[in-house]
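Going in written order, the chains are labelled A, B and C, and every chain counts its residues from 1.
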Amino acid sequence: MVNKRQAIKNGVSGVYLAIILLLIYAPILLLLFASFSSARIIGEGGTFSFEWYIRLFQSERVMGILLNTVLLAVIAATLSTVLGTMGAIGIFYSNKRTSALLQGANQIPVVNAEIVTALALAILFAAVTLQRTYFSLVVGHLVLCTPFVLISVIPKLKQMDNNLYEAALDLGASPTQALFRVVIPQIASGIVSGFMLSITLSLDDYIITSFTKPATFDTLSTYVYNAVKNESKSDLPLIRALSAIVFLIMIIVVVVLIVRSSRKEEQSR
Amino acid sequence: MKKLYFSRKQLCIPYSVFLVLFVFIPMLLILVYAFTQEAADGSLYFSFDNFLNFFTNSSKLQTLGVSVTVSFITTFFCLIIAYPVAYILARSGWKHTYVLLMLFIMPMWLNFVLRITALRELLNIIGFLGKYDYVNTVIGMVYDFLPFMILPLYNSLQKLDQSLLEAANDLGAGDVHTFLHVTLPLSMPGILSGITMVFMPSMTNYVVSETLGNSNITILGKMIEEYFSTYDDMHMGSMIAIILLVIIFLTMLLSGGFKENADETSSRGANLW
Amino acid sequence: MEEQVKNKIIELIDVTKAYKDTVVIENINLYVKKGEFITFLGPSGCGKTTTLRMIAGFEMPTGGKVLLNGEDITHLPPNKRPVNTVFQRYALFPHLNVFENVAFGLKLKKVTNTYRNEAGDTYQKKEHLSKAEIAQKVKKALEIVDLEGFEKRSISTLSGGQQQRIAIARAIVNEPEILLLDEPLGALDLKMRKEMQLELKAMHEKLGITFIYVTHDQEEALTMSDTIVVMADGVIQQIGTPTDIYNEPKNVFVADFIGESNIFNATMIANRRVKFCGKTFDCVDDGFEKDELVDVVVRPEDIQMVAPEQGMLQAEVISVVFKGIHYQILAKVGKTEIEIQSTKQKAVGEKIGINIAPEEIHVMKKEFTVNRFDGSITKRNTMEFGDGEFECDVTQLYPNSHLDEDGYLITAKGEKLDLTDVEVNVEIGMNNITMTDKSEDGGAQGNIISMIYKGDHYRYIVRTENEEDYVLDSEDMWNENDYVGLIIPANKIKLTLKKPEDK
């Protein structure tokens, strides 16, 4: 009897998860199918075609925007990883009061509504230069990403054996050498996840980007948002194809990650 | 005493300067702008006008009402949908729940504007778009923020000690009783942290309301954006931002976000990697 | 000690270390001879590790000087010192394998090589060691610690003992002048520890360099060291060879910390005549005044058991424990317990006589005879001192005085005095303080930081939160670190007005 009840429970649970997953993936799957249809508007007939993919890759504008987006993400993530890692090490070795103060300040952009951060930065740049540049855009993304680098790195520093740094000095390393040869390798996993997180945050961002970017500059987010708002008939089908590609890349990355982490688990057993 | 060697503390100087320049000063500017107006000659003077204006203007109050309502409904549905998901994933004892969890979280990595666009196309096909602006907005918000609710719930439910549940059963509590009196109270930190992570963006993420609500729904975030880019009135925009901050502060205070679950809130998304 | 000692490799002169308000090292003076095996021994928190870290360069003294071969290195950073450390938890770099760990220091090192150019002139060049040289040295170091062939292994696959050896190899491969070892065997199990003790001793002889070793394990110190420095509370208690320290402990602390000991409260009757347990014994220690209160220390193995009528003291055996090579016998003389180690077996309840040879009676100055505090009088005519507040009799400050209803003191001459905030000297005998579990009942509260068995009672030191020490005697058994309240009867608190020069 107990087993039967358990089986029913499992069954209900499985069906529930399946329904929710279906709802989550339905819009994406719809786009995926529609991207292979020649119709401009979904449901209006059309035949199977790669037309939108071809046009997508031929569109210099969209390709330029993609390049912009990725380049911005890499620049922002690199800079915030350097800034954040240095900050994390500095905070970790500071006295309690400085450390509490800086960690508190680090939480401000995290807890704050993105729109408030965006407006605050826009006001700052308006007050200083009156125009927004690539610099203001990068700063905006740094404010968005750097706090998360600290949040990823500080726990790794806490886990590290404090004697390691001293051991390096003891063996003749200068403080700088000790930092690069011992401390940084010890916290590398935190630095990497901080970097990855920064890439994701930067790629995904709309609000801060739209408040800090120069007028003529577009990232994927701002381009798609404007295209959808203006119901641009020529862009929407391209966006479907683009979504499909991004989605596929994402699936590949996730599968690789899962396989790698399960391999690691097996190895550690 | 002679300076010994360069201290590792000094590495925090660049970030400290960064925080002052691009976090402290901008936030200070918002505060200044909220309580000032611009005179004809361009100088600023202190004024409560923005504040009074906000609370006497019916359309602004309506926006505030709409925002809070949309956020409440979104948070409610996120919780209702996410709790069973998190519960099943954390407590079912199935194999490979990690992969399943990834499936639920994965949409977060797809650019969120693309995700909302996809949803828009779906809503268009089933004929919702243009008809049910509020419903569409809430659907979009729930769709967008669901992972933020699932993750903290999953974390807190997973930490739950199995022996506690067994103890409850052992003491004669039925499943429902055990859930209500043991599981639910113990997962409270996760619930609170999920609520904070969903409630706030629901008031500000105007990309969702604009894309799915056919530009007919104005939430606080949209209003700030309008005052900034359409009316070029940063003073009113700052005032709305301050009001928004007060609401965020109150929500966090109510949900205890400053205390035990500060860690989870602070790392929203950080545990994805 | 003052005569010139050659070959002082390390010398600490008046070294003090304080963190904010807490002094952890107080005015330490010591030197280490080249090539010796010296051990800093003491209970945890005594400052031994801090002293080692100041020699390594991880901590800077707040006062005094550290000399290396006569040169001041007080402020030299650790990477510039010819000193290497073996850390307590090894501190091996987890991201490097065994070879890379051992080679870490070698790869950083630069040596001056001399070359001859085509013209025949010689010139010098600072260069890193070649790969072959490094590999050669690492191999040799691994041989010394018996881990040949472990080069490629990752640190996480090594056992505790192996990690320990790698840590040693990583230090000695740099050919330091001094090897510092901070409780290196603390994490090993007993058997492993014993083995490593002997190996370290052998290694010391083979390498011929100076070892400075830190431990809280007295047996380890006695086994390995040429010289032992006993420390407590940031102060050096005694420096000497293991034999000296064991046979001639300088004070009760050293006697109690090193080996087993019987400690008696005693009085000097005359020169070389000391009275304890109700009898007067001959002894060989000079330098005490007649009637001076002293402590007498006798090692359990130095006590001779004889027939009851032949002994100076008559005792009754109350417990016998077989310890392998000897019996540990507890006997009672009156109220005083005496511990005896002997190869002779005795039965519980047996009457025995006890004799102690004069040279085995170690007489020591008493460190504490009374508790002294600076206090001040509160509005309620209570006393504040020693981090607490106590009821007391303030009338003793003025002969024949009394208190009126308002709490003012009326002197014998009828003068009315307000004593609030008056500063006084406070004296309390060690027998007049009692401890209670209900800490809130006490006038002051603190933790027991030391307990020493004195034959018929224990001597406790209770330290309050703000580091005031109360020394008290009690027959009851408490545990170290117990949090207790201190009760002092009002009539046992002796007050005297501070003379102007005291302030």
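By definition in this document, a residue touches a chain if its C-beta (ideal position, glycine included) is under 8 Å from a C-beta of that chain, and two chains touch if they have at least 3 such contacts.
The shown structure was predicted, so the numbers you read here are calculated from the model rather than taken from an experiment.
Set against the C-alpha centre of subunit A, every other chain centre is closer than that of C.
The interface with the largest number of contacting C-beta pairs joins chains A-B. Chain geometry summary: the mean Cα position of subunit A and that of subunit C are 56 Å apart. Between subunit A and subunit B, the centres computed from C-alpha atoms are 17 Å apart.
Residue positions of subunit A with contacts to 2 or more other chains are 174-175. Counting partner chains per residue, subunit C shows two or more touched chains at residues 77. Listed for subunit B are residues 5, each touching two or more other chains. Here subunit A touches subunit C in the complex through residues 161, 163-164, 166-175, 177-178, 181-182, 185-186, 188, going by the rule given at the top.
Within the complex, the subunit C residues that touch subunit A are 56-58, 77-79, 83-85, 87-89, 91-95, 104-105, 108-109, 170-171, 174. Every residue of subunit A that touches subunit B in the complex is listed here, in rising order: 10, 13, 16-17, 20-21, 24-28, 30-31, 34, 42-43, 83-84, 86-87, 89-95, 98, 102, 105-117, 119-124, 126-127, 139, 142-143, 146, 148, 150-152, 174-176, 179, 192-193, 196-197, 200-201, 203-204, 206-207, 210-211, 220-221, 224-225, 228-229, 239-240, 242-243, 246-247, 250-251, 253-254, 258.
Contact residues on subunit B toward subunit A in their complex (touch as defined above): 5-16, 18-19, 22-27, 29-30, 33, 81, 84-85, 88-89, 92, 98-100, 102-104, 106-107, 109-115, 117-122, 124-125, 143, 146, 200-201, 203-207, 210-211, 215, 220-221, 224-225, 228, 234, 237-238, 241, 244-245, 248, 252, 257, 265-270, 272-273.
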